[in-house]
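Shared between the two complexes below is chain A, which has chain B as its partner in the first and chain C in the second.
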Partner chain A sequence: MNRALIASLAFIVVLAATAAPASAEEGGGSFLLKNVTLHPVSGPKLDNASVLVVDGRIAEVGMKVAAPKTKLRVIDGKGLHVWPGMINSGTTVGLSEIGSIRETNDTGELGIFDPQLRPIVALNPESEYIPVVRANGITMAALLPAMPGGRRSDGANTQLIGGQISIAHLAGWTWEEMEVRRAGGMHLSYPAISAVSFDPATFSTRRGSAYPKAKQQHDLQVQELSGFFDDARAYWTAKKAGVAVKADLKFEAMIPVLDGKVPLVAFASHEREIKEAIEFAERQNVKLVLANVIKPRSALELIAKKKIPVILGRTQVGTDEEDDPYDEPYTLPARLNEAGVKFCFGTFDEQFARNLPYQASQGVPFGLPYDAALRSVTLSAAEIWGIDKDYGSIEAGKVADLVVTDGDLLEVKTDVKMLFIRGSEADLETKHTRLYKKYMARP
Partner chain B sequence: MNAARMLIAAALACGVAHAQQAIVLQNATVHTVTKGTFKGSVVIQDGLITDVGAQVLTPAGAKVIDASGKHVIPGIIDCHTHIALDSINEGSVSVSSMVTVRDAIDPESIAIYHDLAGGTTTVNALHGSANAIGGLNVVLKMRWGKDAEGLVMKEAKPGIKFALGENPKRQGQGGQNPFGASLSPRYPGTRMGVEDVIRQAFTEARQYQAAWKDYNSHEAKGESALPPRKDLKLEPLVEVLEGKRLVHAHCYRADEILMLLRVADEFGFKIATLQHVLEGYKVANEIKAHGAGASTFSDWWGYKIEAYDAIPHNAAVLTRKGVLTSLNSDDVGNGDLSTRLNTEAGKTMKYGGLNEEEALALITINPARQLGIDRYVGSIEVGKQADLVVYDKDPLSMYSKVERVYIDGTQYFDREADVAARSRKDAEKKGLMEKEKAKEKSSEKAADKPGDKPAEKQEAKGAKPHQGGSDE
Partner chain C sequence: MNKRLFAFTALFLAAAGLLTAASPPHLAIRGARVFTVSGAVLEHGTVLLKDGLIEAVGEGIAIPAGVTVIDGTGLNVYPGLIDALSAWGIPETVPAAPAAPAAAATPGQGQQQPPPQPRVRGPEDRPNAFTWVKAADLVKPSEKQIETARSAGFTTAVTFPKQGILAGHGAVINLGGETGGEMVLDPAAGLYTSVTTRGFGTFPGSLMGVMAYLRQLWIDAAYYKLAREAYARDPVTNPRPAYDRALEGLLDTHRLLLPATSRVQIERMLRFGAEFKTPFVLYGGQSAYETVSELKRAGVPVILNVKWPLKEKDSDPEEIPSMKTLQLRDKAPTTPVALAAAGVPFAVCSEGLDAPKDVIKALKKSIDLGLKPADAIRALTLSAAEIYGLSGRLGSIEKGKLANLTITKGDLFDDKTTVSMIFVDGKKYVPAPEAPTPPRQGGAKSPEVGQ
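Showing the complex of A and B:
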């Protein structure tokens, strides 16, 4: 143990003497977790290992972490497993409470181009979803300003740019405390040619006749989208040149995207949209992340060649079309992995956000190596969001977002026993566990 | 159809009537669900399980399948689905007991095959939840390739769908459905109205039943009497009153669950299954006392206000409090959750601590009991129909997948064969698409010629043999 560490430990002891025990949401905690099976993700599994956390960061990891001589909380984790906290790379947790009640939903603002919108400010820290999702080992979420594929009945996207994607920790008294990145990405629902329309009168989809109309609609939208990017670029260029321009919050929000600092997260599910989105991003010279890729076909090669990261949606779904192989959604992660594409997962909802780990493990019996599955919901996600310096694996120096389980993190039977966010132990009580206990006890 | 094809079709139609070659699934981990789990074998003869145990006698001429390292479970039973149906909701009236989904079976729905690929062999295909009293159900076996009647599990007790809460009252509140279509108001619009619709219907059904009893007793005495007017809406409800038809009731909140149990008590009938029953855990004692079963989701919640108190421990609480409980998919379309009910069951080990046998029971013997078919399916026991699923690993684990599925002793799914057939199917599809494109092109050309009737031209061109097409 180095001198600086000893010094900081001594400091903590002083703090501990004066302050009440840190609650989940207060600043980083310190503790030693020992005798655990450690899954750092960045390296091989370690048996009988320990993690030392100091001030919310991982100070030391390994087989021989000396127990500090100070009065530090020591947790004996015999028989337990420790994993990096998982990241749901696309969810509406905390933004949408009850799907069918409009008043409880803060996604999908009016307007076609809304890059100025920041979902973090609408994150309700008291949402019942936050503890529920957290209790399954998910410590962080990329918050979507809009749902993918929110289409009008004529097949057109309701929004093209839905807003920024904020990244937040799933614990905190206020959204400000939960914030990891205000603008982690820029949402784009890339225009698709959709000749399928939903008929609300019969609750069914209609196919056919509409292709020429749908194509026209798509072309128009692509034109509008390009126009918007061009205008934003002109604004930025003028501003850089010192021309006095009328301040425009939409264009201001686009500058980090045009500058390559914030990735454009384009929701594009099928071959044609994927290829078009890639071409578009190249033409606009912006950093691209693809989201909700469902059926890439020949575009997979292009995705791999251009090294474009992908946020996959739920694999636990039915097939896209009726003549697809029955396991097509299950084999998708393996196909991406084989092609060398970096990918992570989002659930693109709130209801099933806690089932993130199973989207990854669903791919394992269908060809995805286990390590790749585990990496996808931890380190790969952190890399795709550009936060891997601090998150995604258990390494000295990183923030202590840790999950302690009684078994495999990605298995349905496994129980989460403890969870730490920024080194502070988070509450695993949820609306569900409260109701469970209450009614189990009903005489 | 030529003579040879007709012969094959006739032979296939006879199917089970012909003696099947006996099959032995050897050295597997056998999860019988009702009689323990052990390393052993299962013998299938003429569609039935004829032996199961650590040691079995191999019948002469049997096909022996080495299943060492594999797991065998009874075929999964999905107690609530809407797959393989052309239409689901007769949403025009609040009591639609005169319709049956049996008239709307789509035997070509790919969902049947997808269910098979996920180990689901039997489903309770239900009418939708738009009406307080919905249409009649049908229990289907996933015998992919059979016609509509060939899918029907004839041994199953007939049933009917009821629905409580938001869905049946939605149209009573006017406004729009979730997809924006405006609705003309229809009674009921409240949970009070839902109760009233059910009580009113059974009041009528009782009178109808009494009228027929009266008529029949006159008839029996040889007295002349006028028969009552036949009422197709009330007949199924009389069957409910007489215990001949099972009630499968869509419900969410504890209050409406209790309401239905009390209405059933009042009219002297039983609710067979409470479906979804997301707040069932709150009134488990009352459900148990009434004797109703519960069929729920593993972890759905929050998608509407009546689902806000749903908890993933529901199945475990109901089980622990003595309620016969199952898990279901509520699938529509291509099939989704019904392709992995095994891991949905696995979740109950985490949420509420059920053991492996209890978890498996939620998707096998328990739904079989709820549907009144446990004499035939739902466990691996001698004499039961040979509906079996072979997994490569622990069936309750995320890491397992289905390898083979048998229904009535016939193999309906084989993963290896499915994977092997893909390139051929892809080529066939490509060929068909090219053919269609060529057709389109030639009809476009024809349409360009002045004076031609495009429709006629298209037909003429289409009739020509085309290169690159597949055999039809």
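Showing the complex of A and C:
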């Protein structure tokens, strides 16, 4: 009787394990995927190729991969394409569910400097967005602690350092399972001079007139920001020298940034802020990544010269100002590529995080080579986040984050047929497919 | 003898009272350069003023004995300048007109700040329609702007209340006189319309709402008129229409002033204005250089705002203005040139300018761009009078017109020119000394030299 109970309990445990939507534990599945068109990104396309995955890592890639003698799952992928999983380099997916419902939002902490915040701990594995994003071939996301752009009525930023940027896999039972890097970057909303005032009467923005005040606010915030970095550095120096300092979580969190181990991810959209952010990072001697670059103008040369990587935002948008060429947002990736700038894409939101591949492909008809577009959401992203040793391409030794599709990864019409995170097959069911099935079955 | 003296004195006083305390003197300006506007420029002209009117004008006319003579050598004489749209003379602290319908108006004239208004539901509550407000009832001769404007050469202004969508009726006023009533030349110059909304939470909160609201008001007014007439004919069978002060004010409208600055706005207002079967004038009009043919075809005059758009003082030095903005900055001062060339009647207004004299400076800019000085003078005088239907009394130096004159030393549009004297209703004023700082302008009283 006791034995029977144990047996049934064990059965339940096994059931639960097999029902796991996407167990992404290290040491995930092993399988052989054969007869596929392989897009390794790190090298040229391979037709009729195979990938051997052992314990969650890619063991072998090539035309003649022999199946080991052991009993192994073999997937015949005839007619299918295999790609590295895509990386969304800036999103709040899993942190914010319904914008208007306070309880479902875990972003945008109050305070000017919040470097101690780690968004990974706020990641909700039950988010309805995660399966939707995953089902589009995105296996990993850089989680933003806050959305940039909050402004006080006087034009100053509501927040400068919003927190750390965590890198997470988009499958797992808990955030611990999903974690890739707790601190992949440090978020900074670089202060911009916002000489744009909002007129509630006409519900429109007005440029001009507010400049002197906005400039003053900006200068104050830059000063405040430098002061914060200086204080953090003083803390670190004292600590290194063995001086007893009162532990300060904010300053502690800044140490890897000051040490150059974690990049400062500065949101700076326009020429002036970009130049200032670059100058600031140089002065502080920290590693810089620029985010949400929209209109760099002459700063583009500087970005290229200093080899600063860029996280681009949405490309399927209208122009910034009325006289801009209609295709300015579409050609931006091509212009960066031509200048030799390394770039990736973030969606900077949660609802549209699934649209990442289309952000990348938008540039292709406007001068961006296709390979560069594909690289931007895979290997380039991994390089920018410093995780290219394990991610971003299909190479022996790397983690098996793979997407199996029936066509081009960046094409809207393509369906994702299978998706592997750390070698484990992830569930592709989403709220969309559930609703589709439900209503298709309606009598 | 004593009795006779008394009678004589009484008679004298009575006569003096009849003609008002300071009766305009009988005088002549001789040997000046006279810009009659209606006719040729007289190089050595003489203008005779009597009883507040122009008695005669010409070269070599005889000056009757006993007339005060002003030597006009080296002086230019212009018809008194007219600003065609301002709020001069209306105290800024006009009691806020209650927005509620007449029935809800508080007793005691409603001069106090009205209590919080009930929420406006729609056109039936007549929000922002202050058609019963009349500039003629509000003007005060003590307003500082009057003296400032007069010192800049303006003898006449068309002044409007400006709060609300239908802000009220404007008045043509002379910039001189002892009482507000004395200043008024025409109390029904036109109904001032604006399409700016006060934002959310109130009706109308959008441009399309304003347009629909204006249409509804006109429809309601037409119906109201019929109902009123029917009731007057037969109060037994016809229902008695509820008195509606907003519609009463609307029915008294003889001229509409509609705002239009950009090309789109001008074209829209030309169509919109035609719906009301009431003569209308467009004000603003800075982009009218693009629409002269439409304006010409419609026969609609323009009151041109001559505050030419410039780069904003406190703008972001790195901001690149839009092509549209640059184009307007470049082309707006050519609008008078285009209007004059096409024969579209236009006058000018000081709205938005710091000082009345800036109107003349702004026109100088247009002259530099090709506007004929004669056309500029006409816009400041006779055209304005014609637009407001007062060319029988104002706008040129002709026999029988009001003795409103602006006399300068030098050409009107020359930077170095100074206004020597101004005549309003035949009464002579000299310009107030220039105030040290613009915000405190018109602080000093000008010494009156009336005899």
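Keep in mind that, in the parts below, the second predicted complex is superposed on the first by the 411 of 443 C-alpha atoms of A that agree within 3 Å, B and C clash if a C-alpha of one lies under 4 Å from a C-alpha of the other, contacts with A are read in each partner's own complex, and residues count from 1 in each chain.
One rule holds for everything that comes next: a contact is a pair of C-beta atoms (placed from the backbone, for glycine too) under 8 Å apart; a residue touches a chain by one contact, two chains touch by 3 or more.
Predicted model, so just to flag it, every value in this text is computed and none were measured.
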Which superposed partner A:K417 touches (first chain B, second chain C, both, neither): neither
Chain B versus chain C as contact partner of A:H432, first or second or both or neither: first
Which of chain B and chain C A:R272 touches, first, second, both or neither: second
Chain B or chain C, by number of chain A residues touched: B
Touching partner for A:K239 - first (chain B), second (chain C), both, neither: neither
Chain B versus chain C as contact partner of A:A210, first or second or both or neither: second
A:E322 touches, of chain B and chain C: first, second, both or neither? both
Shared chain A surface residues [contacts with chain B and with chain C]: 200-201, 203, 321-323
Interface residues, chain A side, partner chain B - complex: 97-101, 128-129, 153, 198, 200-201, 203, 316-319, 321-323, 325-327, 350-352, 354-355, 358, 361-362, 364-366, 410-415, 431-433, 435-436, 439-440, 442
Residue ranges of chain B in contact with chain A within the complex: 89, 110-111, 113-114, 117-118, 177-181, 281-282, 284-285, 299-305, 308-309, 311-313, 317, 320, 331, 333-336, 339-340, 343, 346-347, 349-352, 392-393, 396-401, 418-419, 422, 425, 429
Chain C-facing residues of chain A, complex: 193, 195, 200-203, 207-212, 214, 271-272, 321-323
Chain C to chain A touching residues, read off their complex: 196-200, 312-320, 322-324
